[in-house]
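Next, two complexes with chain A in common: one pairs it with chain B, the other with chain C.
This part shows the complex of A and B:
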């Protein structure tokens, strides 16, 4: 492909990927009058008031970001704590059990989890887990375990078996082998799996929507939906847009920092799955 | 033995999250539990299932969900392949473009759905700004049943094409470059190379991407809940949204469970048909 054509195609790709978000950025900085006067104008009508409105709301917008971060981080830790031993054991087994568990995990990984929300909600009500950010981590970890175990067991399977055999001869216990020999070599796989779990938990909607009703405990996704449904925001689209921009910034930062690891995580899944 | 012990905590949580709900639905679908029963469960036999079979809205939503999924995933595969081919070539700044192009996929669906609602706004959104500058009347993208489902497809393609592109990019990186060199030496054009080398070798990756995306698109909920709420006149409603409305708005839990189990059975049927078709295609090949 010639250089000129390629540059044009790359520009087109960036316009398509970033255009909608750039438009939100533009909208968030315009006054309501400027927006109603006509889209695309550049003269006059610039303001930061939309951000003031969103950040000064009750609860302030950063509260949602904080809640999402807490749930994302704790869910990731819980998922990894459960998935790593399971993936190790699975990678060391042969035969029927491995086949059954592996097949079940793959089926669960593609299952549209939204179907599970009603039963999970009933469990939450019976056990008094509603309106708790900590409790929300339980279903999140459960939903992400299939993908996490599949990715991690593929990474375990790649480590040379001699490594562990010699450690056994040295008298290392199972825990010591995992902690001092295998896990240090698994760094990249653990990081990329963790990032995928974090992204899922940060973005999850239907379960957060039904488990959390107190507004100061909302995570980002249901908070956005609530903003979308509230009449307070329907006319001043600037406030809408300011919320979408604020909700996107942390993820943009995460992507730019960890692009390589996220891509590695996704592509490993493709190769091993 | 100890390996079972290591797997036990994860497997227990998996059973609780994936298997328990389905068993719960199977039981609940044989009960009435709604405002009419004071939210108590009352056994009603197969009444919910008979209602499901005769429920026009369920079957309409099933058709709409299938249309949404097939059109979205087909477009995503084509666009994803084009983007993967572009991002596979070597050029300066490729790494940055890769992460920027991934942004739509990483954003929460509700965030971008809100953004698209503004873009499709009638008359103040930018899309209608373009329409007006051409001297045409504004288009009610989200208020017309013929256009609203197209809007949901556009938003979904925007959001998930990067995911497809990335999986296919992984596949492209597995194809040895000397295959193309040998092919070019024998006088093959790049277009023939795409058809004779790239596509056949990429087939497993295309299959995985299509499988993941189809499953996700058939369960579509977040996007439609925020972008259109299922409207206008339920014309964009998906099965997941219908099940949600039955439980959380109509407070008819017995029937909501039936809708979800019905949807699960339809998915199983579809998956079985797909597997059978694939096996036959392999035998035939």
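This part shows the complex of A and C:
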């Protein structure tokens, strides 16, 4: 009986989290007529035309995927490159300084960034950063840096100090200690932090919308908004759903690829290693 | 290749805020000698190691290794190897990589690396374990890997921080002679921190007793046992603990439990409170007019109801009660 309840609960949870995704998948494979007909007939009305429309658009949909991938990857790399040294330095500090810096970072991490996007737009105008994918990485990395530093410094602080001290006595330089001892041990934390940054830049909308206007440079989120708003008279549910499905495929692939590290990163510190 | 070196600490002080963790430590360790730093937990003995290694700053005093002042040298350039209490093996690397990574990064050529690795694996009987991860090793094996890694550093000074405290009692006893052989085989001075006096006596040539950040006494195990410099050392060295009998003239008489003998007349009348029989010997806790007494005697000794204990005057230690320092001339043992 207990086993049965448990299975039911797990099924409910899965339905709760997977439901919207399955619905999108279903929508993306239906003709507009079939969608409007409701649950009438599941026998007919299946089509791949929505995908054809999205992929055959101008510019084609894979272009947006590529743009988002480039921006996401660069933002992630930039964030990690800056956050790892910061986090290391912070984790080796004690007392008031660490408390103040940590508090500042926390405040910055929880600040709603939407309030910043007008100011950021001004910055982009002044410095001529509009319509550049590389420039888009700057606000993304900047906005995700506080959270990344906080997460990574917690991971650094969790490593036993003797490991690094032992390496110091063996004559390792700072870089060698990071490269050979600390970072390999922090793999899960680095991967899960990197994925959070990637997810953020993948999903980010207001900055991408305001900084980029040339359609071949659009990232996924504003591009999908364009599809949804492309017609005044109808909402192209099918095409929109197809774009959503295509847009989440790379994320799913990433999650599957790093599944083990993510789970390890999330449960780090739960048990002694 | 390694020049013989000796270590000298001159007035070493370390303070955290107002509190003195180390208060003017003077010590000398000769080349090839093994010194044990012994003391209760929190006495500062691990801090001495960390200051020598350069992991903790030194607020006052000097550290001389082979005559050169290394007090302010970065730890990486001191050529000091340390075996940590937790062993601090790199958990993501195999035994072999744990041992060779340091050599590789220090620029030791591959052939020499392979040679030295083979030699140290042989010395510490680790040959069959070279592909294992630290997590797949037993406590004793981890300790040997940590020791091997320290030896491969070719240190001018070897530091061991409670290297046995994570091992069970039987293993500790087995490893003690091994460790002693390896440490005395090297030409570098070694400092071994422990809170276990048996371990200190078994491994070290000399023992330095530390208490509250101050050096209490430094000498051979025999000197510490026969001529404790003060009440603290007298009470700390020797198990069971020495009997301390306060006198009316402000002095304390110390007499070791094994130096008490049953006498027919005279001596102190006592009553037996508890008795532990260990086979070859037995421990008794006795009640006397001067307070409780510990007595260690032969396992075959018959214990009667009425008992009087005495001791030979040459076994008597006298201390000033207020300062704890030793009074008068010591016994005849050297």
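By our rule, the second predicted complex is superposed on the first by the 247 of 273 C-alpha atoms of A that agree within 3 Å, B and C clash if a C-alpha of one lies under 4 Å from a C-alpha of the other, contacts with A are read in each partner's own complex, and residues count from 1 in each chain.
Note that in this section contacts are C-beta pairs under 8 Å (C-beta built on N, C-alpha and C of every residue); 3 or more make two chains touch, one makes a residue touch a chain.
Since we're looking at a predicted model, the values are computed, not measured.
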If touched residues of chain A are counted for chain B and for chain C, the larger one: B
Which superposed partner A:176 touches (first chain B, second chain C, both, neither): second
Touching partner for A:48 - first (chain B), second (chain C), both, neither: neither
Partner chain in contact with A:139 - chain B first, chain C second, else both or neither: first
Chain B versus chain C as contact partner of A:168, first or second or both or neither: second
Contacts of A:8 with chain B and chain C, given as first, second, both or neither: neither
Chain B versus chain C as contact partner of A:184, first or second or both or neither: second
Intersection of the chain A residues that touch chain B with those that touch chain C: 273
Touching residues on chain B, where the partner in the complex is chain A: 2-4, 6-7, 9-11, 13-14, 16-18, 20-22, 24-25, 83, 86, 89, 91, 95, 97-104, 106-119, 121, 124-126, 128-129, 158, 162-163, 166-167, 169-171, 173-174, 205, 208-209, 211-212, 215-216, 218-219, 221-222, 225-226, 240, 243-244, 247-248, 253, 256-257, 260, 263-264, 267
Residue ranges of chain C in contact with chain A within the complex: 53, 55, 75-78, 80-82, 84-86, 88, 90-92, 101-102, 105-106, 149, 153
Touch list for chain A against partner chain C, complex: 160, 162-163, 165-173, 176, 180-181, 184-185, 273
Residues on chain A engaged by chain B in the complex (per definition of touch): 1, 6, 9-10, 13-14, 16-18, 20-21, 23-24, 27, 35-36, 38-40, 82-83, 85-86, 88-90, 92-93, 101, 104-105, 108, 110-123, 138-139, 141-143, 145-146, 149, 174, 199, 202-203, 205-206, 210, 220-222, 224-225, 227-228, 237, 240-241, 243-244, 247-248, 251-252, 254-256, 259-260, 262-263, 266-267, 270-271, 273
